[in-house]
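There are two complexes below, and they share chain A, which is joined by chain B in the first and by chain C in the second.
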Partner chain A sequence: MSKTDFLNIVPLFILTSSAILIMFSISVKRNHKMIYVITALSLVADFIYIVQYNAKIKWVIEPLFVFDGFAVFNMGLILMTALAVTMISFAYFEQREERKEEYYILLILATLGACVLVISKHFISLFLGLEILSVSLYSMIAYLRRREKSDEAGLKYLIMAAFSSAFILFGMALVYAQCGSLEFNGIAKYLTGYTQIPILLLTGFGLMIVGIGFKLSLVPFHMWAADVYEGAPAPVTAFIATVSKGGVIVLLVRFFTLINGYQYQSLMLIFTAIAIASMFIGNFLALRQRNVKRILAYSSISHIGYVLVAFLAGGSMGVEAVSFYLVAYFITTVGAFGILSTLSDHDRDADHMEDYQGLLWKRPWTAAILSAMLLSLAGIPLTAGFIGKFYLIAAGVNTDRWLLVSMLALNSAIGLFYYIRIIAVMFERHEGEEERQDVLHPSVYIISGVTMGMLVALLLWVGVYPEWMMSVIRTYVHN
Partner chain B sequence: MVLLLFIIILMAGGVVAWIASRFNETVGKIIALLTVSADLALSIMVWLNRQAYLDSSQDQWMMRFNAEWIPTFGISVSFALDGLSLLMIMLTFFLGVLAVLTSWKEIEYRTGFYYFNLLWVLAGITGVFLTMDLFLFYFFWEVMLIPMYFLIGVWGHENKTYAAYKFFIFTQASGLLMLLAILSLYFIHGSANGTYTFNYFELLNTTYSPEVGRLLMLGFLAAFVVKLPVVPFHTWLPDAHSQAPTAGSLILAGLLLKTGAYGLLRFVVPFFPEASLELAPVAMLFGVIGILYGAILAFSQTDFKRLVAYTSVSHMGFVILGVFAFNELAWQGVVMQMITHGISTGALFILAGSLYERIHTRDITSMGGFWARMPFMAVIALIFSMASLGLPGLGNFVAEFLTLLGSWSANRTLTIFAAIGLVGATAYSLRIMQKIYYGEARMDPHRSSHSQDLGTREKLIFIPMVLLIVWLGVYPQVFIDTAKRPVNDGLKLSEQKIRKSFEAREAVLNQKGGAHE
Partner chain C sequence: MELTFYVASAIAILSTIMVITRYNMVHALIYLIISFLAIAIVLFVLGAPFIAALEVIIYAGAIVVLIIFVIMMLNLREETVQQERSWLTKDIFIFPAILSAILLAEVIYIITSGEQIMLDQPSIDSSAVGMSLYGPYVIGVELCGILLMSGIVGAYHLGRQKKKIVHRFLEHAEQ
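Up next is the complex of A and B:
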């Protein structure tokens, strides 16, 4: 391993070593605050390292990893999101009795898995990353063992994820049988000779799409999403919705652009169908829910569908749009689940509509932040979500994907219904203050407060002055 | 710079009023009032000096403001003011002051947040009237939507949640179609000329095939006809208007609907003159249907606010009739209609609000005989019902007369039917007077709250409105002059564009013919 190899891979080392460090420190003394600080610091350190090192040239570690701007940017994004999740986790787990410290090991390992996904250029590293991520998630989802729903969700995720891994593996095997290569580049080279994908290869891709679709909870592989979102602890749900999906999307973009999937009608057709189905079914199912976590689960299905629009649009603008949308979506989703977890109490998460009734008058700041997040999800101006959606549409229009773009616009309108419904509930008149004790009402931890404040500031900043974020994305993506 | 100031004053005033009323609600109200008054004063000052501004510029635009916002996408903070937008923002601030005044006593719940929303709606509307960047236009289009949603949803009447929902979904969905059209325009322009920009003046020069033009126009049209509203898309309006608090109805009817009309004049026709010309007969037909349908439905309502809401549908029919008549007279009529309808319908909504404050119902079948007990209010009501039915001497007459005169040369049959609408207007206006102010008293005359005439604050609201509507009716020349340049230039531009594309097509035909021989 050369020195540059090492310097590039340091971010992964930082994560692994901090996981080990936490393990040791737990064996010495259980101290939640201490573990939390170590986690946060290592994530920050990792992020700073990435920004500082800032590989201006693409670096490849054969045959597994590639460090290009796109990968580095998304790695940074994943780290920052993991940091935000850590921040909201502290207050959330502090008020619960279970042993909390091991959670952070899992969190860091899951982040590591997502980072590996982002930089992989080989089926082996892809699979390793995916498994590190999934295995950590199994236990994170079921972390609050005393809750029935949490157990159920964990088990459900375990079974489904195991199945999807099997699909991916089988798909890889078929691809290997046809191309004789497990490397993305090798597959791409094999494919250059074909104007149509050979049937065996298509089968392999199809099986892999099933697995990937499961990870992204795309329709028709979305069945697990609502139950898992509902059962998992709120910060973990935030993590599933953001980091785990983001890593897979980046991988998908990398693979698809490398093999230049845009020229194959069969692949485009499959993804177009999946995107449209995800948008519609996600939104329609969300309309029918009364549980906030389930609403957000279904809305995340449709949001990934939106991202696919820019992904299918392709080109440099498509990649930019995907990155930008991920940023906006991550900020918003972590923010929304962050609020949800600050409202939760020992027994259950605040996921009933009733928990939000008249929230604006009881806790104006909390309600204002949640409204901002929901408006951003709905794509209303002044928020990052609006610019993100604008970017997606722009990318789609740029390459004449009219069908997808008009579906996106239509679905944005449908999506408004349920976001606005939550906001409407929060704005309902609430005259009496006396029923306070009935409502979930934990003390708000300063850390969560600061995190939320920063997220909402970021949301507005990116929404009002997106130029900065765009130029960052552009400098990274285009080198 | 002044243009930016208009919006910043409102936005900042909204925030300050919100903060101030956490400590003292009266201070919050006063700040809100001062904010809008400052803008009104500023706009009147601009209006008084309009000639000087016009002389200093070469074209119809009195003032411009430009600053970069998101240069990557060619998005800038770009404002410009001409006679049309000047009239519109003066109307905005005038009705804005009245909106603050009508809310003075009506709103007791969370006043700070209320005035914040009120001022931000006004800011959004001002932005829509001033901006010359299509991205920013969409941005303001949305900015005026959300506070309005809250105004209806939090401070509205019994069925407010449903009404707010409906309003939001209708306008948002149609707005998204406009966004699609804006984006396509942006990309078409960019790929043809190499510069990607959302600037209005640049995009005006975009050329496209007639088919594309038709599609794009439909995108823009969707947003504007829902806002206006044109008949099949009007169902949000009666709900939103009747459920909103008084100031909300005032702003909805007086200003929000006008953004649709403004959009037609400013964007649809200049951008797509050919497609508009093709669509004109259909659009005018829908205008006439709206006039008649709105009048009939207005006549059959029992809820006072719903009744007034349907009169808006009817009156806005004249707007679309006039816009698609494509001549100066009709367009001047449209501009006048925008102003006079804002004032007369606004006044009727305030009257409905004042009545509601006194008797807590909007059901006109349970009213009656108020003339004897509230003579001042009754006289005001009489003036504005007469305005609404188009009595000569009041502003609406001028507006509707000009529109009909203009549309006569464009389409005679439809104009005849539109004129019948005036009879309908007479019927429902007289019904207002008949049911509410004449007839037998159905309410207990001994309850003092039932028979209080207008107070000083209310008189202060109505008297300027009366003066203005009379001025508009007796001497509308000032307003017509102000709007003359923009109206003529807009028409001239459209005509040039149509001629150019016609010539281009002819040239192609000739060429083909030549090749054939």
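Up next is the complex of A and C:
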């Protein structure tokens, strides 16, 4: 391993060593505040290190990793999202008397797994990254052991994730049997001579799509999503919806562009069907829910379906659109779940519609922030979600994917209904309930407040003035 | 040599089918061990003796023993001795014994005949595995360590004993 290799891989070392540092500090003394500070600082330090990278970097660490602009941009995005999740976690876990320190180790390790996914160019690093991510998530989902639903959610995720890993492994074995290579480049080289994918390879890809589809909770592999989102603690739900899906999408984009999957009818057909099914089924199931967490779960299914539109459009515009939409979607989702976790009390999360009744009159700022997030998810102008969706449609139109684009537009209209319904509930007057008492130190609320304020500011800034974000994405993505 | 491969893989498939169709967990485990042994022979014939040894030591040895421990800890009652006696009757062992006898015959044949492996490639010994694990794939090995760390931290947190009432009806029953 050369010196440059080492310097490039430092972001992974920072995360690993901070996880070990937290473990040592737990063994000396359990101090929630200190561990929270270590976590936040290490994520910030890692982000600062990432920013130093040249945007046109192209460094390959044979045989496992590749550092290019696309990877670096998404790594930064993942680190920032993890930081936002950490920020909202503190107030949430502070109210609960269970041991909360191990959560931060798992959070950092899961972030590490997502970072490994983003830079991997080999099936081994892909699989290891995916496993680090899901093994950490098993215990993060079931973290609050006293709650009724946490065990169910954790077990469901455990069984489904283990099953999908088996699918991915079997798919990899078949791909290896045909191509004789586990590297993405090797597979791409093997495929250059073919106009149609050989049947064994197609089977392998199909099995891998099952596993990837599970991770992204695409229809028809979406069954776990609502239950896990409901049972997991709110910050963990935010993490699953953003970081764990984002890492896998980036990987999918990298693999698909490398093997140039756009020229194969069969792969395009599979992904088009999955994208359309995800958009429709996600939205229709969300319409029928009364539980806010479940609504957000189903809406995330359809949002990943939207992202697939730009992914299938391909080209540099498609990659840009995917990156931009991920940014907008991450800000919005973390914001929505952040509000949800600030409203939660120490027995349960605020996931019933009744918790939001009359929120606008009780806590106007919180309600305003949540409305902004929901409007962004719905794709209303002046928010980041609108620009993101616009970008997706532009990418789709650019390569004449009219079917997908029209489905996206239709589904945005369906989606509007259930987002507006939550906002309408917040406007209803609700009498006869006393004000909730603040139980924690006021500085905790200031931290959550500042985090939420920054997320809203970002949301509006990216929505009103998207050029800056676009130019950042362009400089990183175009190599 | 090719015949040994096909016989061993047929045994592996057959015993795995037996594993998933048994209703009794101990019976399933017996077939699981045979399945691992058969896979070990398949790997050996394909030219990976080190992985074959690991298959026997880790899977058939350590992991199955762990599962047996768990099963034993789950039923620590008076009637379990009786139960175990009824599970492990002689006719349960007949079919697994036949399968493992075939595997043993294969091993003896492979050792005595001294034939080379069936593929044209050289067989991969333990030093080659070690060289590649600690050469190009060293980051992968380290990531495996991280994976174990996250598993252990999670298991530690979730496994701590704490009285937990699963359902509100049981709350009354416990008091």
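A few notes on this one:
To be clear about the criterion, the second predicted complex is superposed on the first by the 462 of 479 C-alpha atoms of A that agree within 3 Å, B and C clash if a C-alpha of one lies under 4 Å from a C-alpha of the other, contacts with A are read in each partner's own complex, and residues count from 1 in each chain.
Rule of thumb we're sticking to: contacts are C-beta pairs under 8 Å (C-beta built on N, C-alpha and C of every residue); 3 or more make two chains touch, one makes a residue touch a chain.
Everything quoted here is computed from the prediction, not taken from an experiment.
After alignment on the shared chain A, the placement of chain B and chain C results in a side-by-side fit free of clashes. Contact with neither chain B nor chain C is seen for A:Ala173 once the two complexes are overlaid on the shared chain.
In the superposed model, A:Ala368 makes contact with neither chain B nor chain C. In the superposition on chain A, A:Leu7 makes contact with neither chain B nor chain C.
Taking the C-alpha centre of chain A as the vertex, the lines to the centres of chain B and chain C open to an angle of 150 degrees, rounded to the nearest 10. By the document's definition of touching, of the two partners only chain B reaches A:Ala394; chain C does not. In the superposed pair of complexes, A:Met34 makes contact with neither chain B nor chain C.
By the touch criterion defined above, A:Ile61 lies against chain C but remains apart from chain B after alignment on the C-alpha atoms of chain A. Once the two complexes are overlaid on the shared chain, A:Leu258 sits clear of chain B and of chain C alike. Note on the superposed arrangement: chain B and chain C approach each other to a least C-alpha distance of 38 Å. On the side of chain B, the complex with chain A involves touching residues 69-73, 109-110, 138-139, 142-143, 146, 149-150, 153-154, 161, 164-165, 168-169, 172-173, 176-177, 179-180, 183-184, 186-187. Residues of chain C that touch chain A in their complex: 136-140, 143-144, 146-147, 149-151, 153-158, 160, 162, 164, 166-167. Listed in rising order, the residues of chain A touching chain B in the complex are 361, 375, 380-382, 386, 390, 393-394, 397-398, 405-406, 409-410, 412-413, 416-417, 420-421, 424, 427, 429, 465-467, 470-471, 474. Considering their complex, residues 1, 9, 16, 19, 23, 61-65, 99, 102, 105-106, 109-110, 112, 116, 124-125, 128-129, 131-132, 135-136, 138-140, 142-143, 145-146, 148, 151, 154 of chain A touch chain C.
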